[in-house]
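Take this structure, written in structure tokens, and hold onto it; I'll ask about it next.
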Amino acid sequence: MFTDEINTRFCDTDALGHINNTMIPRWFEGARDHIFKMFTPDLDISQWRLILAKIDVNFHAQIYYGKPIELRTFIGRIGGSSFDVYQELWQNDTKCASGTAVLVHFCYQAQRPESIPADIKAEMEKHLYVAE
Amino acid sequence: MFTDEINTRFCDTDALGHINNTMIPRWFEGARDHIFKMFTPDLDISQWRLILAKIDVNFHAQIYYGKPIELRTFIGRIGGSSFDVYQELWQNDTKCASGTAVLVHFCYQAQRPESIPADIKAEMEKHLYVAE
Amino acid sequence: MFTDEINTRFCDTDALGHINNTMIPRWFEGARDHIFKMFTPDLDISQWRLILAKIDVNFHAQIYYGKPIELRTFIGRIGGSSFDVYQELWQNDTKCASGTAVLVHFCYQAQRPESIPADIKAEMEKHLYVAE
Amino acid sequence: MFTDEINTRFCDTDALGHINNTMIPRWFEGARDHIFKMFTPDLDISQWRLILAKIDVNFHAQIYYGKPIELRTFIGRIGGSSFDVYQELWQNDTKCASGTAVLVHFCYQAQRPESIPADIKAEMEKHLYVAE
């Protein structure tokens, strides 16, 4: 598990008084840096090797402005060329949102998926999500 | 089906040269105004009656800056108090993204779900998604 | 003057119930497409010739969700290599925000400013802001 | 001076390969929490006492994805009811952006500006910007 603590911002709220739902995909993408670095350690975009196939987000509880949030990032599934990143957003000891991003190891030159290298799979296995 | 045509913006792109994935939940939320108006015709936030339970987005093809996009919004499912909004994003005659938002008719005073009124259900049925 | 009409979105609001101020730089950048096209007609990013030096935004009145807004884009000043884009945001016949962006005609290969070509200057002059 | 260190995100970049300019107003607003707390210590929005009159941002150097940035927040000017917040964004020992936000102490009930209380002025003076 990777964890990141961030602050919410006034501009992240919406007129219902809480954090707007569209912020969660942004925060989850930010926390996927830990995963991006497995494929491109220096985050050099000219060496990018991943493509995003799908995201989902489940909203469990309101998220509030003015209190820090914690992002928890796991590997949810390891396939041949694709894998799942499972993430949770916690605030005040409450799991407020969770979601999965399906990523594909992709060769931009050849424009096709490629197998995830064994050393990266081994690294991923250290961060596999185990349901409580 | 409701349709909206919008322009992409330079600030919607990312370093891979295309539209960033986190814009799609924003655009889809914007296009759900058609659905919000079924419950709150003047979009008065003090009379808001919906809560978002889940979203998913599938990314089918790259989306480009500098060309308009079309958002297509349908009702995907009508339940007792919850329902699905199914949406597609088209550009250059290509379906680039699609996704579903699960919404719940919610009473903010009582803090609980409520049945979708029959007249709104009838309106929703006019916009049901029919797979080709 | 160039004009664009766009809809505000629920996710553009903040907890005070109005449109959040950080949306205005995004909308103004979007409306600067008219100016970007003077330098790069097909908006091909590999041929980009502009750099942003400064922005300012003045907030005159609240902007509301649920009503369209109109963006008005003018040329505010034409210099040697730099120029000003002056923009206004109107809603309900009220000027709600205005601002200036200072742009520089820039050669990314040579990494230095370049004079604005005469034909572009002539085009700009058609859109000069004239105070009422 | 208040300082905040944050990470840039992939979704903060644009097609030119750097951080998009429209992120800076968001980051600067986030860092103004230190100032908001002088007026509303618990950031309770129903007790909000500030209104934003103007922002400007100067762009000095490119900001890169994959490296942390530091936000420095100062008081730039203390007036009767209005004041300036001056902010800088640093990355890799380089001042990449700077800007000023003009805020007004505002009574939302009476809908008019109010004098900044003496105790808040005293607190502000501890954070006054002094040019090097």
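As written, the chains take the letters A, B, C and D, and residue 1 is the first residue of each chain.
Criterion: contacts are C-beta pairs under 8 Å (C-beta built on N, C-alpha and C of every residue); 3 or more make two chains touch, one makes a residue touch a chain.
The structure presented is a predicted model; accordingly, all values stated were derived computationally and were not measured.
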item: Angle of the C-alpha superposing rotation, chain A to chain B, to the nearest 5 degrees; value: 180
item: Furthest chain, CA centroid comparison against chain A; value: C
item: Where chain C and chain D are represented by their mean Cα positions, the distance between them in whole Å; value: 22
item: Centre-of-Cα separation between chain C and chain A, whole angstrom; value: 33
item: Gap in Å, rounded to a whole number, between the CA centres of chain C and chain B; value: 28
item: Sequence positions of chain C contacting 2 or more other chains; value: 10-11, 13, 15, 17, 21-22, 26, 29, 45, 65
item: Graph class of chain-chain contacts, one of line, ring, star, complete, other; value: complete
item: Chain C to chain D touching residues, read off their complex; value: 15-16, 21-22, 25-26, 29, 45, 48, 52-59
item: Chain B partner contacts - residues on chain D that touch it in the complex; value: 10-11, 13-15, 17-18, 20-22, 65
item: Residue numbers on chain D that touch chain A, as the complex places them; value: 4, 6-7, 9-11, 13, 17, 26, 29-30, 32-33, 36, 42-45, 65-66
